[in-house]
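What follows is one structure encoded as structure tokens, with my remarks underneath.
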């Protein structure tokens, strides 16, 4: 199971979370990555933890002030990028262009989507993985694997071979385990670790069942 | 005169340009800043040059995946931020919210706009400065001070006291000088330095008249 | 006082509301207009009531599939248009371009904004009027004139001569009266009439104090 | 073959084009539809020609000022709607929501996309049809069937059973015929008729081979 911790724009210290994640990954052998804000990628990547961008722009080098170029996040140390997160939804054509931008910069990709139908569509754009996150569950503490397990199994079927992660409401090892049993190859989580009083305990408890 | 070099998403080495800018600023005493992509802010700021973000998101800490938080670019070393560049135009309400976000993070601000009427509007939102960049001239090599000097003088009047920079087509010391004579307190430039064969000569020639 | 009833995308019958508004306007002499969806403008305008668009696109004739051209809403019978409503916020440059588009098509204009600072900015773009609608109050039933009367007086001052309407939470004649006393020259309302069980009584009660 | 004439925001008379289309459809038996601006749907539909919206918003009834509600365009007389035209590109989640909105209002749907990969994605969202329009060819007069016939055949394959239309550069009967031979079940066209000196001759010549 791949555990991707999305730091969003939370008021946490990205370097502290990165250090914890690096140690827990080392100790447990679980694949753990951190997705900080673009401006924090360089300092997070220096820790040695697997580092992801939260988004890249669907553009090539050029006159694109304010964009987040795939090449720039790669140079800063990112290994992969999310695309189309529910808080940063993209046009269909821009998911396609963002994936091609990520490929150019050798970034691994996960395209997020809301439901199995959108997962089916996203999977046809050749991402490395897709992630299903029902918007209604984001930040609730109720994992999709409990609230509506069929969303996960339907997404796995809809993705026809593209690996599926699941997100929204994941916070415990039990949630992670349940997601894996439904066919998910990883989880996206955010507040469960980034806003935890003790991020290390939260992360250790999370990966314990793996 | 303040010289802000916007690196956009150009295929230049931001650290190399930053080093050149730091040296030319040191040698000449001219205020020069570099605005790289968000992911490059940390490495540019480490050089010791004044560093600006190209954009910040109109949000506070929270669930904003893919945003560019003012606090994050500040932590990475940014001293200021552009807002509403013609390649990253913002909603009126978001220019307001972006300015308030920048204030919270102690970032100096420049709001860009297309014409004197929009400059008048932007100036009422309490930015530190405004910058007029007629879209038709961006990247042309024809400076606004030559193509239509009245746009600059009208913008200075419309800004009623808020300092005005000008951009679009600035590449020579003569352009810089002309802008200053029209009332501008600085210039935004991009390709003139970032895409120059010899960025150092380009920048030295530019600031020579000051 | 000008009373503009924004039908939004409410499940009301726009023609029925238009007929009521036309009769109440006729009977009372109060200026009342209806702003339906673009596709409903023709059928509302046929009733003879003053008809407004909820939005026009910042474009001229050309290849703009899916836009709402000022010329098209004018041809369908619109007399004016809202711009930058909080549910349809526009880029600063597009408010400017939308106003110029409306001028070309001889549409009267009201630019909405959230607070006095944005009202000051909007007023500099040469609209016929501006309207202040604090987003937190929209649809609440608590009028801005009660919740925070200073927002209205500050907006009137910030608009420096451009007429100010106010909206959000207006539903009674008392609210309308209060808005007028604070300096507003009209009100925007929506659910108070469009979602009323008896729209005629709601509208008659509203304009009664005028 | 289905011929859909997108009037965009062209300076043509939509009612005149609608009358011509109705007559040519009647005379030839070819299925011809007109897609005018939302504000023109009512007057076009009154002519009796099949009428399409250029876009509908991905929303239900509610507080959505400035949207184009599927129910409103249906009430005005629309039989179907385009979604995600290259001049009105939508977020993946909004194509999904727009399709569901159209279903609620009994509108037939065509989702546009740029290339076979995006066609594959769009087809998984359950539209009635998809349409491939390579952006580089729009308005050029060079039909996709000539410029790159494989885009059409690849799109037909990618759509796995969902009917495919093709657009961009279609203007003659020969283009229409070529599109049909490549597997397209219809064409989108715009300037070829809407901007023709003699729209009737242009349309008659177009449908002649069918």
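Going in written order, the chains are labelled A, B, C and D, and every chain counts its residues from 1.
Throughout what follows, a residue touches a chain if its C-beta (ideal position, glycine included) is under 8 Å from a C-beta of that chain, and two chains touch if they have at least 3 such contacts.
These numbers were taken from a predicted model, which means no experiment stands behind them.
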Give me the fewest steps it takes to get from chain A to chain C if each step has to go to a chain it touches.
2
Distance between the CA centroids of chain A and chain B (whole Å) is 33
Just give me the whole-number Å value for how far the CA centre of chain B lies from that of chain D.
42
Using mean C-alpha positions as chain centres, tell me how far chain B is from chain C in Å, no decimals.
37
Can you list every residue of chain D that touches 2 or more other chains, as numbers and ranges?
86
Listing every touching pair of chains gives A-B, A-D, B-C, C-D
As the complex stands, chain A meets chain B at residues 6, 8-11, 35-43, 53-55, 57, 59-69, 71-73, 75-76, 78, 82, 85-88, 138-139, 190-191
Could you please specify the touching residues of chain B with respect to chain C in the complex?
84, 86, 89-96, 113-115, 117-118, 120-122, 124-126, 158
